[in-house]
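Input: structures, listed below.
Here come two complexes built around chain A, the first alongside chain B, the second alongside chain C.
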Partner chain A sequence: MRNFWCLFFTVWPIVAVGTFVIAPAMGWWFPTDAYSTLGQQIDDLFYLILTIVGVVFIGTHIALGYTLWKGSQDPNRRSWFTHGSHTLEVIWTIVPAGILLFIALYQMDVWRMYRVQSAFPEDLLEVAEVTARQFEWRIRYPAPGRPLQLKPQKGDVYAVNDLHVPVNRPVLIQLRTMDVQHSFFVPSLRVKQDALPGQVIPVWFEVTKPGIYDLTCAELCGWGHYKMRGRVVAEAEEDFRAYLQRLAAEQAYDGVTPIETALSHAEKRQNEE
Partner chain B sequence: MAAQAGAHAAGQHGHGEHAHELSFVRKYIFSTDHKVIGIQFLITTLLMLMVGGALALGVRWQIAYSWQTMPIVGKWLFGEQGGQISPEFYTMLFTMHATVMIFLVIIPILAGAFGNFLIPLMIGADDMAFPTLNMLSYWFMWPAIICFGLSFLFDGGPAAGWTSYPVLSAIAEAAPGSGMAQTMWLLGLTFVGVSSMMGSVNYMTTIINMRAPGMTLFRMPLTIWGMFITAILQAFALPVLTAAGFMLLFDRLPFSIHSCFFIPNDLIINNAEPTVGGGQPLLWQHLFWFYSHPAVYIMLLPAMGMVSDMLAAMVRKPIFGYRPMVYSMAAIAGLGFIVWGHHMFTSGMNPALGMTFMTSTIMIALPSAVKVFNWIGTIWGGKVRFNTVTLNCIAFVTMFIVGGLSGIFMAAVPVDIYIHDTYFIVAHFHYVLFGATLFGVFGAIHYWFPKMFGRMMNETLGKWHFLLSFIGFNGAFFPMHLLGIAGFPRRYAEPWIHPYLEHLLPMNRFITISAIVMGFAQFLLLANFAYSMFRGPKVGRNPWKANTLEWFAPSPPGHGNFDVQPVVFRGPYEYSSPLVKDRDYLMQTEYLPRREERPTEQPQPQPA
Partner chain C sequence: MVARNCLLGLTIVALLGCDLSRVAPPPEAVFAPDERIDDLVRQARRPVVEMVTERFGTPNRLVAWEALPVDYGVLEGRVVEAYPETDGTCWRLKVELDAVPEFPKDWPAPLLQGVAVAFLSFGGKPVSAGGLVDEGENRVGLTVQRFDPGTGVLELAQRLGSPPSAGDRLRLVGHKLQRGRVAYMRHCVHCHGVAGDGNGPTAPYLNPRPRDYRRGIFKFTSTGPNERPTRDDLKRTIRQGIPGTYMPSFFLLDDGDVEAIVEYVRFLAMRGEFERRLVDELILDYSTEAVAQRVDAGEERSDILDELETFLRDELPETAAFEVERIANAWRRVERPEALVVPKTPRTPDTFESRARGRKLFLSKTLKCVDCHGPTGRGDGPMTEDYQLNTATNEYYPFPGLVDAWGHPIRPRNLTRGIYRGGRRPLDIYRRIYVGIKGTPMPSSAAALNEEQIWDLVNYVLSIPYETADTRRQLDAVAAQLTASEK
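Take a look at the complex of A and B:
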């Protein structure tokens, strides 16, 4: 029986490590590669920690398995009489301390770029204001060719659950909420930021690959939390501009005037203001 | 005073006669005896464990078999809706699962049950410093249980998560359960707080003032150190939560003072009138986590202490690095007060705080690592017998390693951006709270059961319970790490409407089946507990041949605990001491003649 238990406590970490080894091949891994510049760095940091943690996990479990096996072999043995070892304590305090401090310091830079406004890229395009509400994402773009203002403007263009951004350039969204907390989470871009009632939070990212990415809510916001599904469409800059133009025209369409005329009227009105 | 009175009673009348004076109600229901209160706590929390587990199975069922009729209870609860639950019922399920497990199981089973039962016994006192306060600390659990229970009846139960973040929890229109149910929940929380606070004051006073002669601080068993540090944590952290709870109540109640601590201006919630306020919802998160992060250590340190004691007794070897173990517990507690912000990395707080809290959080892994190394060091060179207690203790160590290591991912802010609020965190805290703490508690139940009832628990049942729990637990929670890496968000009633998650359905079914196995395995524990209470083989004072003072008392100890006042001569871990050749333990109370009066003997060589 004692060998069974030794085996038991040896097999489980092997199964655990094995699960992680086959996970990427089984699709139990990141939904896609990271398609944003910071996302790629986040993944690199993740793999760094995974390596360190993996080594520690395997090491401690080898030690544990060995001591268990060794200690259970002779039922008549008398245990060592020792209260510990000062040298060992010092070693296993200082070495992990160094590793942990390294992990902490090594992470700082990505966090700074992600959240500290003075470290944001300089050529940020303020693309839209995203307002979360139970249970949808409301998007307000500035009128084509105009900068985004804090307060809604007359020519602003609105959309729901469908955020378009140009690819290969850093874009910024102003994140806010109409009611409770929500969280703007785009798994493929590795972006997550809570929307906080009463505050506007700038979130930037640079998509590196055109595509359609899922947008979900990651902060409990009520019974319909799970269905706050939107998407982020990353497309070439000219496609993005064309999309905005089309959206603006649709919005200005009064049902009578041809869309193109309505659009030019809308632009004219804006210019007069 | 109390100690003298106890010694007097024990010395002159014997405990049987003393107990005889008490009526049944005073002896078993409104008892002031710390052992009875401890057992009351234990039985209550074990029943609550089953309630919390049932809620968890409800959560798991909905994720793996969304909207399908729940087995057994589905037809009864949701007959009118064709057996289909509602999303708000699902949010209630996970809210109440966490509430019950944290506030009614883990905290009271450690501090309430084992703290109460063990503290006076292990330090050689006849009872707690304030026995009546102790009794009240148990009976204040019941208003909490009643409030939490009533909250189910209003609008389907509170549904803002156990963290109850305002604005969701502050405004009745925000969620179906944010009306009266949330109010009852907050009242329940306050009562639990009162109960814990009474316990904590009592434990601190008892440990400081009522130790037996010779029981210096550094001769205390690590269990007592764990309980002591926990009591300090409770005393300093809990008032903040209680205050925050009242602030939220003031914000909520329609007939109260209409404060707005947490409600900002101009929110339009569910098409209601815009809010009027100037509050800040982040304030709640800070206050809440200022308590609830230390609470994680409140839910862990006593178990760490108990496992240290059990492990040393089981491998017949002194604990490796006793003082480093104490210091690391103190370090965890100290650092535990300055890491709460890691729950809020994505919350929108000042980004500079993200860096500060990351550093302190990552550094808290250090004392945890030291403890793990010392546990392995304790087993190293010991005599290992795989009984139920040992198995659960080893499970504690290995599960704690997983839980500790997975914490590093989330402590690192950039990585946390991605895995925050995904199943990775669900895996992490279940590894710490269930994998570590609860396996430690399972071990502790088997280990101290003979002292509680004078009978052993059944080994075969114990091992089956361990095996099924361990396999079920890992089957349920290990894959959740991978779900988290796949970006699977928590608290989704139906994740399958998101195409990027669809392929994870089989894994979730596997998790649910494992959870069901684990859940039903707990009936083995209850059965074993109930059976052994009356039918287990009787034991003497010291069935484990352990060193600490509780094994010096009769099993079960009578009122006043000790028939002879214990006097302490040494530390608690002198197993396999070369001072005694004929046995491998040396009790704290045992007097040995001085060295020059003993036949000379060579100390055994120490391992490298």
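Take a look at the complex of A and C:
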């Protein structure tokens, strides 16, 4: 019994470190790497904080285990009572405060790039307006070759639960909701932004790898919350343009003119411009 | 010491709490019968329920009725070897399927289980009629107990008198329908209900209500007035959802699942229609109320019941056969290309003049669009304030406004919002105007309009969300000029 608590408190840091060491190999880590530029920086911040917290955690537990062990060695030893140590208190206030201040300042850059509009990249492409509703994502693209407007325009192209974006360039979506609060969450891109009723919130990201990424809702928004499954398809810029052209042609279908004809007309018109 | 005991105790309690085996299984799903069945006299109720159950089964034991144009999912194969189970209760067959469909992850345990087995040849001789084995007097309805696609071993739930021989061909019927049921139960049932009656647990909170499939009426189709939807229509509804309503988009659902759900929805619709026709057949003469009235009028109750019995014995089966033929034809017909409503001319270019002509039609007295949709298309026409006559009871509804085929209040669409439930392609709007919206007061205008006029109307309707008071005035001016030049 004497050594039980010493062991108990020493075992946890070992278990914790062990877990972290084997975690990536066991698939206990992030489901995927971050496939967006900002996402990689967010991961870096995460690792930094993890390291700081890990070092403190292990240090504290070693100290605790050591103290317990030391105290249990001599059964005749008596505890001594002390009240307050000014120096000690100052140290354990200033050191964590310093660390917190460091984290707060260090993350400012990423925060600014992510949330402050004046810090957004300059060559942003406004791809679409994404409107969350119970329980789906309604997407409105501008007509091919046109800029996105705040209000729906004639020629806008609509889709549902399927957001296409070009890869390797910063893109922006305007996020809104038709009813309650939702949250636009693409885990593999480390993008998460609440959609608030009455607000249009710009969200930008730059996908670094072509692929299909899960889009989910991260704000419990009602009984059908789990149904809000969508996807973000990141593809080469010309594929993205072709996709939009096709979607627009499909949406203009009149049951008579074949979609291929409409597409080739659109292409010709664009070449002339 | 105390602490350690506490910890131990807590752990044990926590573990006991996790004993899931004690949780009661959910109640078995049942197809709720038609609401009007309770109005029938008791003696008429049973035969209807029994007949429907015999032909369609229960949610957990579906029946594949060959009279219906449902793709139940058919697999064919060949017996390689047959051997009895040691306890003699069933036969195991090693079979080789001609083509194995792409199995979803949880295949096959829940999906092939219960699927019907029919032999095309047995003991080396071909089997006729429906392919079920005729064992003397008993027609044996064989079903699959278990199937392992890896080893190809198929376990039959019943024992046959004699085993099939190697080389016999067999057919498994119903895997697609069962897959449809599993997916439907997972994704749709809480709104549309087990029987497809639009009465799932979340339905009371929704407006418009989830579709009740049992009348075979679907709103957004590519087929003519009074016609059933095509498979593609249903698929499109499931993939795209119905914007502006609670019907969500199932865009990312597996293709195989969507196809299977479509079959299951069609199956439920046909089941509902069949049941409804049987009730229709009986309700006039044999509802509790009708029987009471006939007794009041001097008939003997026992005579009426005798008459009912004769009817049930001699006429109902014939009626049923006739009705199922009609239902099957209605669903078969729409899968032919000529059943589709397709414009004959391409869309008129979307010019100002075309829209002006469209606006003129929209305002015209003959089409009455404004009576419902209002002069600005806001869905606030005078009909929304009127009391409507219920043609079934010949009484006025107690609330003002339009009513749909299911007896629910309904508002004409606000066309300024740019949300089109049946799709926003010009083709979709063309079809809405040509066919109307089935089950709702929105009428078909095909008889009153020619091709160009429909396209003008389409062009106008699609421009309403971007209309301002100014553009409307300009359109009206041009429309007035057009009218003047016509005279």
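Note that in this section the second predicted complex is superposed on the first by the 257 of 273 C-alpha atoms of A that agree within 3 Å, B and C clash if a C-alpha of one lies under 4 Å from a C-alpha of the other, contacts with A are read in each partner's own complex, and residues count from 1 in each chain.
The criterion applied here is as follows: contacts are C-beta pairs under 8 Å (C-beta built on N, C-alpha and C of every residue); 3 or more make two chains touch, one makes a residue touch a chain.
Predicted model, so just to flag it, every value in this text is computed and none were measured.
> Would you sort A:L88 into first (chain B), second (chain C), both or neither based on which partner it touches?
first
> What is the contact status of A:R190 with respect to chain B (first) and chain C (second): first, second, both, or neither?
first
> Counting touched residues of chain A, say whether chain B or chain C comes out ahead.
The partner making contact with more of chain A's residues is B.
> In the superposed arrangement, which partner chain does A:Q107 touch: chain B (first), chain C (second), both, or neither?
first
> For A:A97, using the defined touch cut-off, is the partner it touches chain B, chain C, both, or neither? Pick first, second, both or neither.
first
> Regarding the shared-chain residue A:V256, is it in contact with chain B (first), chain C (second), both, or neither?
After superposing on A, A:V256 lies in contact with chain C but is clear of chain B.
> What is the contact status of A:W12 with respect to chain B (first) and chain C (second): first, second, both, or neither?
In the superposition, A:W12 touches chain B alone.
> Please write out, lowest number first, the residues of chain A touched by both chain B and chain C across the two complexes.
1, 134, 223-224, 227, 229
> So in the complex, which bits of chain B are touching chain A?
86-88, 90-91, 159-161, 165, 167-168, 174-176, 263-265, 267-270, 279-282, 315-322, 324, 346-348, 351-352, 354-355, 358-359, 362-363, 365-366, 369-370, 372-374, 376-377, 379-386, 391, 394, 397-398, 401-402, 405-406, 408-409, 411-415, 417-418, 420-422, 470, 474, 478-479, 481-483, 485-487, 489-495, 497-500, 503-504, 507, 573, 575-578, 584, 604, 606-607
> Residue numbers of chain C touching chain A in their complex, please.
These residues of chain C touch chain A: 1, 202, 240-241, 243, 246, 248-249, 251-252, 342-347, 418, 424-427, 430, 462-463, 465-466.
> Would you tell me which residues of chain A are touching chain B in their complex?
That would be residues 1-2, 5, 9, 12-13, 16, 19-20, 23, 27-32, 38-39, 41-42, 45-46, 49-50, 52-53, 56-57, 60-61, 63-64, 67-68, 70-72, 74-75, 77-85, 88-89, 92-93, 96-97, 100-101, 103-104, 107-108, 110-112, 114-116, 133-134, 177-181, 183, 185, 187-188, 190-199, 201, 214, 216-227, 229 of chain A.
> Under the stated contact criterion, what part of chain A meets chain C in this complex?
Those in contact with chain C are residues 1, 134-136, 138, 152-154, 158, 160-162, 223-224, 227, 229-231, 250-257.
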